[in-house]
Amino acid sequence: MLHNETSTGCLSPIEEIRQAIDGAKHPALFIVDTISSLASTEYRHDEWGVDVSIGGAQKGLMLPPGMSFNAIGPKALAASENARLPKSFFAWDDMLAANQTGFFPYTPATNMLHGLSESLDMLHEEGLDNVFARHDRHAEATRRAVRAWGLEILCRDPKYYSPTITGVLLPEGHDADVFRELALDRFDISFGTSFGKFTGKYFRIGHLGDTNDLTILGALASVEMTLALAGVPHRKGGVQAAMDYLISAARAPSRAAAE
Amino acid sequence: MLHNETSTGCLSPIEEIRQAIDGAKHPALFIVDTISSLASTEYRHDEWGVDVSIGGAQKGLMLPPGMSFNAIGPKALAASENARLPKSFFAWDDMLAANQTGFFPYTPATNMLHGLSESLDMLHEEGLDNVFARHDRHAEATRRAVRAWGLEILCRDPKYYSPTITGVLLPEGHDADVFRELALDRFDISFGTSFGKFTGKYFRIGHLGDTNDLTILGALASVEMTLALAGVPHRKGGVQAAMDYLISAARAPSRAAAE
Amino acid sequence: MLHNETSTGCLSPIEEIRQAIDGAKHPALFIVDTISSLASTEYRHDEWGVDVSIGGAQKGLMLPPGMSFNAIGPKALAASENARLPKSFFAWDDMLAANQTGFFPYTPATNMLHGLSESLDMLHEEGLDNVFARHDRHAEATRRAVRAWGLEILCRDPKYYSPTITGVLLPEGHDADVFRELALDRFDISFGTSFGKFTGKYFRIGHLGDTNDLTILGALASVEMTLALAGVPHRKGGVQAAMDYLISAARAPSRAAAE
Amino acid sequence: MLHNETSTGCLSPIEEIRQAIDGAKHPALFIVDTISSLASTEYRHDEWGVDVSIGGAQKGLMLPPGMSFNAIGPKALAASENARLPKSFFAWDDMLAANQTGFFPYTPATNMLHGLSESLDMLHEEGLDNVFARHDRHAEATRRAVRAWGLEILCRDPKYYSPTITGVLLPEGHDADVFRELALDRFDISFGTSFGKFTGKYFRIGHLGDTNDLTILGALASVEMTLALAGVPHRKGGVQAAMDYLISAARAPSRAAAE
């Protein structure tokens, strides 16, 4: 499973899926990709009963791409020991042995490790709860802008809205890749491309990592201006709706208390 | 004279002042500070008959502070040679002698020179005319936002509007320093302080240097949200007015032709 | 095969081994690890008939660790297409398809690619022949120092001396790890550890990558001083021997002509 | 006075000069330039009765050039208040007023201040006594090399040897600038030029700032090799003499105790 489905902007209910697997008494290992959710929203490897979690450097950890890691549960460990299939990324023995000493079995990407140490410090300085709340706030501000423009969010069910990325469908007859190209050319901002059966029909707004209210609003402003320049039918007021929401969020007592 | 009056956001008509000096046949040297205008708007040391122009690294040249330089006209050079007053920053002899060889008479700030070389490359890559047009566009977008909020621009006469900074008066009874503090605390953005007889009555929005449409809109969004959070009476719609202007500017044929 | 055996400081005769394989009409694929030789000494993937060459960022390419790549010959490509074994690092299909467009099938380590672009520029600016000659010169200077100290080079046959690393045996009864620890503590220099049946009996001097005569001599000086401080029996004069050699190399007409 | 005379490599006896001034009951202010000594050797602004001390960023503080500062004694302060001479660098009023709040009266070189904060941390982490001892050690190692080569140290009296820079006289008929040019070309190392009546007759070896035993030995090796390549009469063994000294210094009990 992908915890956060980057290509569509949906968050998968990992805990429920684990319960379903258990309910069916199915023996499969439950492997979860957390690349675009880790450190941006709640994730519970142990509590949710995940067997293998996969994380990466380049999203919520705010680093360049170039590092990935696994959290491994006891069931996966046991399976690994017995498996006869040739393994490469999932051949954990050498790493587990080296973990005892704090060293690596092969040459690690040392620069990434220095960066990881710094990004973990930054996340804990802000506080993980605040980090998660910030991502939720920016996701909601983005969705309010999308609705104000009269456009559709790719993820249909609000229960599964992603806190880190929002897919936005363009009206029939408008090419999302042309839209993305124009935004890049005019406003120096690169939106995510589309995949699968909706290829060319939507673009994606990432709202994760090293972001704040102003960078999100700048991104939303580029969408609103590009919609106008590209002649995509829409209502104005998306940025205004996002600002109205961020103002109300800033006024909320819970936030004040948290600070 | 200050070419661009940073503390108020007014651009001085250097050429006209030179003509007035000449008209009065006054012998004074005409010294112009271009710190906050150089490389952001038209400036003509020779054509405008300036005797000494003073520039600095930290505004339109997009560098950290730490370097300043003079352009010296023939009248100033002659005066310098005859002057008996002890001089320090304006003692140009050693530098002029060293200029012949490309070296410096004293230890220069070498890192700043490397940075200057890079920033000049960036400015010429964009093209100075485009750089100036960009600053004009962001200044106008800012002023449209201010007017939409129903606030007053400190510089009264549009003829003298600064292309790099805009002073914004808050309504009577609202402390601009409290406003600035709130913007910094909530949105991590630092607005310029106020000076002179208007101290505490206005704040300043800088729109110069390494900026684009989105960073300017982010800054304007922070003003609009802080006005709301601070309880300053205003109309919403400043960011919208700025976006509407930037969309129309992006559509203008002159701009398309320039690209 | 390892082209350059980092753990011992021997260079393998890849071309001869290929001929031996061919002579025996053996069908095995010939896979060569060039991690610690690539861009430091001659290597001919095509001419020498290598089926798969493996390179990495962190040695002669002067980058941090974090990137590896393959050069693949036609025989290896054909084998890969027919192989039924599960593959991971050697599953090249996605990458080969993406190569047509210049993109990557998965998120690449973008920072490493920027660095690689710069290091390739640096290597070509110096000229690969000069780069290889520089490595040969530093290797020979190192070996002359070792001999002057009266110590033994781990690689016995001069035909196989590595141009990038030299293993140095300490006299019986002296612990190479104690020696390395003292060098690190006193002179802030980290020598390579020992492996295999000679564990603890030798240390390794790396002389590759972003080096020049002075950094090599600094490293050799640390060895000579650490030998003294550690009470390892040796003759003085290793650094002197290395300098004498570098002086003669600098005087050689071929070098003058190359410049 | 210059505390450390960079152009010759002599350290001035500041305390004795103060006593001489006092002994003569001369009213002159005693102003001392510590640019190339500060943070590299003992200096006592208050105890030695200096009126104005001038320091800079680019030597012992290990920063790029671009920052200078004054320490001002009470007598200089009083004189400044009464002086009618136009002042610029020495017009301290605005800075003294701003010092109360920790701000600057004008735009400071902010990047330099961040660097200064870091370099002060580094110096205190090593310990000033250790920093001073390190500079003394490298100065002595350099002088031993010079003597071993049979060359003359420009500073005649050992009492005044500089701990941060050593001037080295070449034999009659050998041009020091040709020597420096060859060292730069062959070994990528830049030695200081000569001044005054000895212009062209000596070069200077800087041994201060972010240095360790190995960088000093690398520099000395480049001198010894350039002497050979330039055909300057000399004896070999300078680097050996420096190493012998550094080994004995590393063995000294005082050093062991200090660590």
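A few remarks follow.
Each chain gets a letter, A, B, C and D, in the order it is written, and its residues are counted from 1.
Throughout what follows, a contact is a pair of C-beta atoms (placed from the backbone, for glycine too) under 8 Å apart; a residue touches a chain by one contact, two chains touch by 3 or more.
What you are looking at is a predicted structure, and each value in this text was computed from that prediction instead of being measured.
Taking the definition of touch as given, a chain qualifies here only if it contacts subunit B and subunit D alike; none does. In this entry, subunit C maps onto subunit D through a rotation of 180 degrees when their C-alpha atoms are superposed, rounded to the nearest 5. Distance between chain centres (mean CA atoms), subunit A to subunit B: 40 Å.
Measuring from the averaged C-alpha position of subunit B to that of subunit C gives a distance of 54 Å.
Multi-chain contact residues of subunit D (touching two or more other chains) are absent.
Touching pairs of chains, sorted by label, consist of A-B, A-C, B-D, C-D. Across the interface of their complex, subunit A is touched by residues 56, 58, 64-67, 85-89, 107-112 of subunit C. Residues of subunit D touching subunit C in their complex: 186-189, 212-215, 217-219, 221-222, 224-225, 228-229, 236-237, 239-240, 243-244, 246-247, 250-251.
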